[in-house]
Structure formats: C-alpha cells, structure tokens
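Look for subunit A in each of the two complexes below; its partner is subunit B in the first and subunit C in the second.
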Partner chain A sequence: MSAPVITGLGVVAPNGQDREAWWRATLDGTSGLGRISRFDPERYPVRVAGEATKFDPAAHAPQRLVSETDAMTQYAFAATNEALADAAVVPDDFADLDMAVITANSSGGVEFGQRELQKLYSEGPQAVGAYMSIAWFYAATTGQLSIRHGMRGPCGVLCSEQAGGLDALAQTRRVLAKGTRLVLSGGTDASLSPYGLVCQLSNGRLSEEHRPERAYVPFDSGASGYVPGEGGAIFVVESREDARARGVERIYAEVSGYAATFDPRPGSGRPPGLRRAVELALADASLAPEDVDVVFADGYGVPELDRQEAEALAAVFGPEAVPVTVPKTMTGRLYAGGAALDVAAAALALRDQVIPPSVNVRPDPEHRLDLVVDRPRETRLRTALVLSRGYGGFNAAVVLRAV
Partner chain B sequence: MTGRAVITGIGVVAPGQPGREAFWEMIVKGKTATRRITLFDPTPFRSRIGAECDFDPELAGLSYQEIRRTDRAGQFALVAAREAMADSGLDMDAEDPHRIGVSVGNGVGNAISMEQEYRTVSDNGRQWLVDQGYMKPHLYSYVMSSSLATEVAWASGAEGPATVVSSGCCAGIDAVGYAVDLIREGSVDVMVAGATDAPIYPVTVSCFDTLRASSTSNDDPEHACRPFDRRRNGLVLGEGSAVFVIEELEHARRRGARIYCEVVGYAARANGYHMTGLRPDGREMGEAITAALDEARINPDEIDYANAHGSGTKQNDRHETAAYKRSLGEHAYRVPVSSIKSMVGHSLGSIGSIEIAASALAIDRGAIPPTANYEERDPECDLDYVPGTAREAELDVVLSVGSGFGGFQSAVVLTSPRRIT
Partner chain C sequence: MSANMTFDDLKAVMSRCTGDVDDLTPDKLDAAFTDIGYDSLAVLEIASQIQREYSLQIPDEAIEGMQSPQAVIDYVNASLAAV
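Moving on to the complex of A and B:
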C-alpha cells in the first residue's frame, strides 16, 4: 500500500466553527483567545482560554446524542460531518468493516463528569445519570462515531496528552496498511469546567497573564506558559489508490512519515527526545531536513520547553533555516485536539501554498528561529513537519507531503 | 528481524494477593477474590461487591514519592511492570532505551484519585466553582491518563514510543495488540505493554448500578460472579494490572530469554450498534475472533482453550457463546471455555491484560483455569465452561477475547513456544 492520504477535513476551533471559517481566521491572524465564559473564572489565577463559544451542538447531532455526550464528543460529531462531506464519503457506500475510527483523547468528558460527580455527592448514588458511564470515559468519542456512522473496523483510542493526535494518525496508517479502507482519525477535546481547569492549574504551566494577546506567546522572551483551548479536528484518511478509485479530486496531503519518542526519566541527564522524533520521522519519510518547507512547532509557551524545541530545530535544520509557525497561538493548546488541529493547518497550508502566522509573538533572537509572525507567508510548500509534545515525556512528529 | 512478538516477562497485580504466582495459584485453584467492597462504604449502592487487590504500595516496594504522585491504578502498573521486567531478565544496561516502547491499556484513568480530589476541592459536591486552594500538586497526572504510560516508561527506562491505549474494556487486549504491531513494523525491539485500572469507587459503582449491569448477590459475594451459569445476574467490578515484556523473537533468542508464548494474531472490531448493548447473535465478537485467527493463520479447530470475556451479564455471555459458534463452528462445542472473571471480577481496561496473563500462564503451566461458581446450565450457553476445577492440558493455541462499552470487541491468539520454528 502507498502512503495514506488525507481526503477530508473537519474542524471546530476557538477562532472558527468550521474548516474554512477557522482557516480564514487563522490566515488573518484572528485569535480565539479570550476571558473564560463557560464559568466565572474570577477566583482562578488563569482566566484566559480558547473557547468554542459559538458552537451549537444541536446543529450537528440529534438531541438524543447531545444529551448523552460531553462537549468533547459533540465537537467530534461536527468535525466528522464536515470531514465526511469534504471527502465526499457516504459511509453506506463502504462495507462497515472497511471503515474505522481512531481518535486521541486526553482527560475524558470533564464537564459531564463534574456534573455527575456533583450529583453523586450532593444527591446520592441514585442521582448519577445513565449516560455518565458512556460520556465521560476516554473511548466515548470513538465509540459514538463508530456507531453513528456504522464504522465497524479496528477502532482505537490513544492518550498521550497533546501528542495523541499524531499517534492516532500513525495508528490510522497501521490499520490502513492491514486492509481497512477508510479511517476517521484525529482528536477533539473540551477540558474547561471548573474542576477541569483546576486539574490543569496543578501542572504549573498555564499562563496567569490576563491579557489574551499576551497570555500565550511561545518563543517570545515574555513567554509565561500556555493557554488551554477546546476543539480539534477530524480527518478522513484512506489509501491513495482508494481515493483515486472513488474519484476524489482533491487530496490534501500524504502522511509520509511519523515517529514517536519518550523523554528520559527526570534527573537522568540524558537529552529530551524531540530531536530524535524529528530525525526518525524524516527517515521514515525518506526525506532530508532540507526537504522540509515548514514546521508546525509544538510551541509550549514555557520558556525552558521553548528553548528545548528551538534547540532541536536548530540541530536538525540549522539556525533559521526553515520557516516555523505556531497557529495555536490563536487557539491555545487543545490537548487531544491540538496536534490534530495542527495537522489540519499543515494540510490547508499545503493546499493553499501559504504558511499561517503565529500571532502576538516577538521571537526571542536567541532561539534562532525563522518564525512566521503576524502575517501569512506565501511560498512554495511541498513538505510540512508537525511536532507535538505531551506532558509527561511524549514526543511525536508527522511529515505531510503535497501529492 | 522476524517481525514475530513473544512474551518473555509477566507481572501481575490482581485481586487477592499481588504477584504473578499468587494470581496463578488462586485462579488454578478456582478461588474467588470477590467480596463486600472495603475500599469505601458500599451501603447505599445497589451492588456492594468487588474483587479487590490486597495491595499495600509500600509493602509492594514503591517509593514514597511514587506513592504520593500516583493513583492506585498507577501503583498497580508500577509494581506489575517491575515484576515483568525482573521476570524477563532484560538487562537495561545492555539495551538501547530508544528501541523500547510502552503501551498501557486503561479504561477509566486515575478514577479513584479524580473522585477523591473532586470531593475535596468541591467540598463534597457543594461547589461548582471548585476551590483551587485544596488542589493536590499531582492532580494533572490524575486527569491525564497518559501519566500511566509515563510511570511505566520511567519504571522500565523505555525511551521509544509510549502511549496509553484507552478503548474501554478492550484496552487490555488492544494495548498488547498495539505493542505487537510496533514490534512487527520494526519501530521497537521490546515493548513493556499491559494494562491497569482501579475503578472500584462510588462513581463507577453508581454507573454500573444505573445500568443494572452489576451483580446484586450482596449476601453471597464470594459466589456473585457466575459467568455462563443460568442464574448469573451481572458482573462484579475488579481492579488490578498485568504488564508484559514483549519482544521481537530474534531479540529474545539472542539474549537467551525464556519465552512464555508468541502473540500470533490480534484483531479489533466494533459493533457500530450501541454504546452498551450487544446483539444476541455474537456477530461482531465472532468477526474479531475470525480476523485474529486469520492474522495468525490458524484454523479454528486448532484452538485448545478459549479464555472468555465471560463477564457474567445475561447479555454478554449469550452474545459470547453465539460468537464462538459463529467463528469456530462445531469446534466451539469441543474447546474448553473459561472465565476468570468469576474469580477476579471485571477490572474494565485492565482485565484484557490480566486474562492474557492467565492465558500465557495456562500455556506455560499446562493447565486451564476454571470458571468458578458455574453450576446450572443455561440453554443459551451450552459450551464446555470448565466448571469449578482446573484441567491439566497441553495447550498449543489459546484464544482470549474481550468486549466493551462503545461496541469494542477484541481477540488475541497466543501459541506455545513449542510451535516456534
């Protein structure tokens, strides 16, 4: 089998409720970061997030499904509808065992979970709703998508914090190689409830800056942490032969390379694994560093982690040798949805031959990065590298190529 | 590189006493670890039974810092991973850590800690805007189940690809399948792979109460889980972990490792039907079994033992029995089928790995663990369920299956090292 290709894309993001709206906003540098509105954040030190505030779940799924799901799954319903339409896929045209769903997850349905925990402890065990068991767990989104679209092949769920979206794409490649014809891949997340936010506060990496335009500025000397966001992306992935055979006219990109590594345990004195992930992914794609036209960086926004990523990029590509961008400066870090959204951005960058900007960032010259800031950069793009790091030591890299 | 994956180390923390040998001894004797729940006061609940691990993290050798930063699920995984590493004899000083990966199956994350900490920061459910002042510093590692893979990677020294596989109640099988795929594709030489879950806490017990899926034999907890028996009345929640060292065959041979079994086939299918419901015809589980056998290039009549999902619910056991008939044909009536859930309960995301441990040990020890509490035949479940007493048997091919919420169905096929040529 040839390398798999992405033929459909669906997006829900803080700065756009569908693929093209989000992409226009991303190219325009329109940020979706703002003061948290899902609840009153005044008592918390972190008050800025990327919320999908205009999202209407009822527009994308019947009320029955909305009632039994958390927002993380509702975003996936919407993104999947869009991705299937984009790829002109009618699931009924496929044998159900030829289709599968593989998503990333990170923290489960935290808002749904907090509501049910509150019922349990304020009203008693009998108050816990029948849907708690299926809405809150990490497999909820894959299960619901599989049932809704009748996709009965080898489904999966991977949790590697923010790196999960790339791991899900790699697992997608594996099941396609074993004979599955079409996979819904990607990830969506909704981490914002009061308990969800407090859980995140404990990692010490969230920005306590209250001005949205200064809260998440990776690679800037003023970087002070990251901003959480919600949403994500779902892709339709299939083999190039299958895509051609069913008359697909527009292929966004080929998934040409992937690698994942894990950082040494703290205190070992050994180097972090991101650079190795980049090198292994390029080797997997049979490409050299000079073949890469743009890097969608992880861009943690934590000074030490920014330095590590900049060093890895300089080591592989040379200083300022490749354009780098962090469009998640407009959305925040979306956890299970984050790397998926970056893959969507890379795919659309290859389609439109334009690099979306990072916003609000004045790159620290010490990082020696050619960071694309403020305005999109039109250039010839054939190969994009997407990087992602998950809290706790996860590193992943994916190489996308224009077809 | 053969692209073949073999199990060379096994670590288990299962209900009852921790450790691989204690686990095997218990299940081969047909003893049950199901009892009235002690992890919290179960009085207000419909089902008050659990299969709990008699586990003390300090006695199990964990450091104070490990205990402080991990949930019970992480503690199980750490202990099981260390036992598996020691059992395998893998010398990390001689290995390239970049060629060692981690996959940890899990269903409900760090559920106990998430619930305990919720009670504190919400003042026992009073506050929606929970109080950050009572936040524990390791809360982030609880909310992100990926921390379970981090812990296993740190414990083993792995620096290759690592992830948590979280496909609900099939995760324990799927994490092993994932590990085998990574070995076959050449991304790694070794995977430290398995699963862990510790769900016995009020919110999970409430969920199963609400679904009326758990046993209400509260007056007789030792005999509460009765897979395939006509009087079965639901599952019993369990907890625990099993972790394996799985390695590429040549790699194992080069270092003279003892081989428990080869993982020759794996498949996952979804039912595309209902998040919690199963059709009685066993179609999707049968498809997973057939696909796993196809990958293994093994005929159905070669199976010597089927380690069942056998959760003890009316719905599952009927569905599963039908699945064996669909996928194995007449051989379904000849092959011994047993469910260790009768003894160790259903530990959600980890049970698949615990059952793979039972299957690997069954091959290694030449014995089939029984289905405890099986007494009355159900006309819809009319196979050989190995009631009560273990059987000696030379096992060359063993099938283990799982089924879970979300419609997930998985099957894995193990073969004896005698078959490795």
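Moving on to the complex of A and C:
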C-alpha cells in the first residue's frame, strides 16, 4: 500500500480547546502558559505550566465515562470526537476488527491515581474506587476509545516518554500495512496534579523560572529547562486508497517517513541519536534534506539538549538552511501529547501554507538556526519534518508530505 | 440510612458512583447490568459504594451474583435483615 494519510485531526491544548481555536491561537502567538492553578504551587520549585483549564469533560463524553477516567483520557475523548467528525468517519460503516486505536502515553492517569491513593491511605482499601484498576494505566485511553467507538482491531499503546506521539504513528503505519483499514492515533497526557508534577521533578529538566514568558525558551541563551503541559492530539489515519474510496474531501498529509533511534549510554563517547533519526526518516521517505520545507523541532529548552538538536539540524540541513519552529513554546511539553500536537501543527501548516511561530525566544546565534519567531511565516510548504525526544534516550522523526 | 434498600436508594448509590442514572427506570430492575450499560467494573464500584454506605461486608462471590439492579437490592435487604 502507499504511505498512510491523515484525514482527521482533533486537539485539546492549553492555548485552545479544539483544533481550530488552538490553531488560531498558535498562529497568533497566544501562549497557554501560566502559573499553575490546579493547586497552590507556592511550595514547589516549578510554578509554571500549560494547563487546559477551560476544558469541560462533560461536553465530550457521558458522565458515566467521565467518572471512570482521568483527564488524559477525557482529552482524548474530545480530540477523538473532533477527529472522527473531521474525517467524516462513521464507525458503523467499518467492521470492528478493521479499526484500531494506537495512542501514546507517558504519564498515566496520575490525577485520578493520586485521588484514589489518598483515599487508600486516609480511609483504607474499601474507599478506593474500582476504576482505579484501569483509569491510571498507560493503556486506559486506548482501551476507552476502543470500547466507545467499537474499534477492536490491533490496538496498542506506545510508551516512549515524549517521543511517543511519533512512535504511535509508526505503529499505526505498521498495522495499516498489515490490512487494518482505519486507526485512531496520536496521544494525550495530563500530569499536572501535585503527585504528577513531583514525579517529573526528578528528571532535573523542568524550568524553575516563575515568569511564564521566560520559563520555556528553547534555543535562547536564557533557556533553563522546560515547562510541563497537558493535552494532545488524535488523528484519523488510513490508506490513501481507502480515504479516496470513501470520498474523503481533504487529506491533510501523508506520513512519508519515520525513524526512531536510541541514545548511547552516558559516557560512551558516541554521539546522540537525533541526527541519525532525521537521516533515517528522510531516507525512509526517499527525500533529500533540501526537500524539507520546515522543521518542527523538539526544542527541549535544556541548554545541552538544545545544542545537540541545533548541531544535528546544522549537520543535516546546513546552517540556517531550513525554517525551524517550536510552537510548543505556547503549550509547554505535553509528554505523549507533545509530538502528537506537533504533528497536528505540521499538518495544518501544510494545509494553510504557513509556519506557526515560536514565542518568547531570541535564538542564540551560536545555534545557527532559522527559527521562526513571534509571527507566522507564509511560505510554500510541501514537506514537514517533526522531531521528538523523550527522557531516557528516545529519539523519533516523522516526515509529513502534502498530497 | 433506612434499614431497607429501595430502588431509589440504589439509584442514589449508583449516581454517586457513576453520575448519570437518568436512564435507570423501574422497568429496568430485572435487566442484566451488561444490557443497560454497566460492565463488571461498574457493578464492583456499586458494591463497593454500598459496603461503605450500608456498613456491609460483601464477599466477591456475592458481587459476581449481582447480575441486575433487583439482585443487588435483594442481596442488600437480605443482608440488612440478617444483621
């Protein structure tokens, strides 16, 4: 079969509760970062996050499902509704085994889990709800979507920290090649409860800057870590032939290439794996570096990691040779939802022929990047590269092409 | 708490577990939980809530036997009468 195509998109993000609201905010450079409001962060070193505070779960799923799920899954309910409507998918038109759900997850349902664990140690085991047994698992979102939409094909969940959103697309491509007709792919995460935040602190990469506009500035000489965020994106992915056959009006993009690499152990002296991921993804797409019109960079915001990414980009593309952007400067890093949201941004960039900006960043000239800052850049776009890295050594790259 | 569980009492318990019970009407008393949209976890959650609210110990085997709303009410009332 030819490369799979994305025919539907749904989004929940800190700076927009649905696809088009988020995309407008993203093009406008409207940030969703702010002081944490879920709880009083005064006693925590990290005070800034990208919260999806205006999200109303009951608007997207029956109360029964809201009661038994964590926010991460509720975001996926909303994004899935939007993606299915966008792609004009009627699940009843498909056999249940021909449809699958493959999401990425990194944080699990930590807010739900925290609530039940607090009941456990304050009131005892009897007080813990039965849904604790499923709501906080990595696979909870995939399972709930599979049940809700009757999609019983080869479902799965990818757990590769912040690279997962791209790895889920790769697994999607694999099952489509084996005959599955339609896949819900992407990822959502919601890790901003106190317990969720404390779990993240141990990686040492979170920004302790308290000013939202300075807290997450990848490639800036003032970069001091990243801001966590919540939300993500869900896609409808199918073969181009199937999409055409059922009369799909708009194909956002083709998933032309993918690669994943793993970093060598610290101290090995070998180079990090990101550059190789880029090169392998381009080779997989049968494209040359000069074919790439825009790079959605990972943009970790950790100085050493920014340097590694800038070096990889300069090595593959040449210094300042390709426009680069980090729209996640407006949302924070959404864990498994982050790369998924970047794929959504790349798809809409191809649709609208415009590169969304990175905000609050003054790129360090030493990085030799053509970073699109503050304002969107209108230009001819045919091919986009999306990069993502996850804690522990994960690297992934996806090439999207307009069709 | 009355020493007897009525249909409305069960509905109240279920509403505290899962929120939405508008569809639960008396004609569904004998319907299988699985037919009215409550999976085994939902029944476990309902039983767990009853244990807390009615101070009952419900063994796992009894929960497995709770196939319908009426079966829950019958079990609870029999247990309350035995106390």
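What we mean here is this: the second predicted complex is superposed on the first by the 403 of 403 C-alpha atoms of A that agree within 3 Å, B and C clash if a C-alpha of one lies under 4 Å from a C-alpha of the other, contacts with A are read in each partner's own complex, and residues count from 1 in each chain.
The criterion applied here is as follows: contacts are C-beta pairs under 8 Å (C-beta built on N, C-alpha and C of every residue); 3 or more make two chains touch, one makes a residue touch a chain.
Here the structure is a predicted model, which is why all the values come from computation and not from measurement.
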First (subunit B), second (subunit C), both or neither: which does A:66 touch?
second
Could you say whether A:376 touches subunit B, subunit C, both of them, or neither, answering first, second, both or neither?
neither
I'd like to know which partner A:130 touches here: subunit B for first, subunit C for second, both or neither.
both
Tell me which partner A:229 touches in the superposition: subunit B (first), subunit C (second), both or neither.
neither
Across the two complexes, what residues of subunit A are contacted by subunit B and by subunit C?
68, 126, 129-130, 133-134
Sites on subunit A touched by subunit B in the complex:
39-40, 43-45, 68, 96-97, 100-101, 105-108, 110, 113-114, 116-122, 124-126, 128-130, 132-134, 137-140, 142-144, 146-147, 149-161, 164, 167, 171, 174, 194-196, 198-203, 259-266, 270, 273, 276, 390-394
Interface with subunit A, subunit C side, in the complex: residues 17-20, 37, 41-42, 44-45, 48, 51-52
In the complex, subunit B touches subunit A at residues 44-46, 97-98, 101-102, 106-109, 114-115, 118-119, 121-122, 124-126, 128-130, 132, 135-147, 149-150, 153-154, 157-168, 171, 174, 178, 181, 185, 187, 202-211, 267-276, 284, 287, 404-408
Which of the residues in subunit A come into contact with subunit C in the complex?
62-64, 66-68, 126-127, 129-131, 133-134
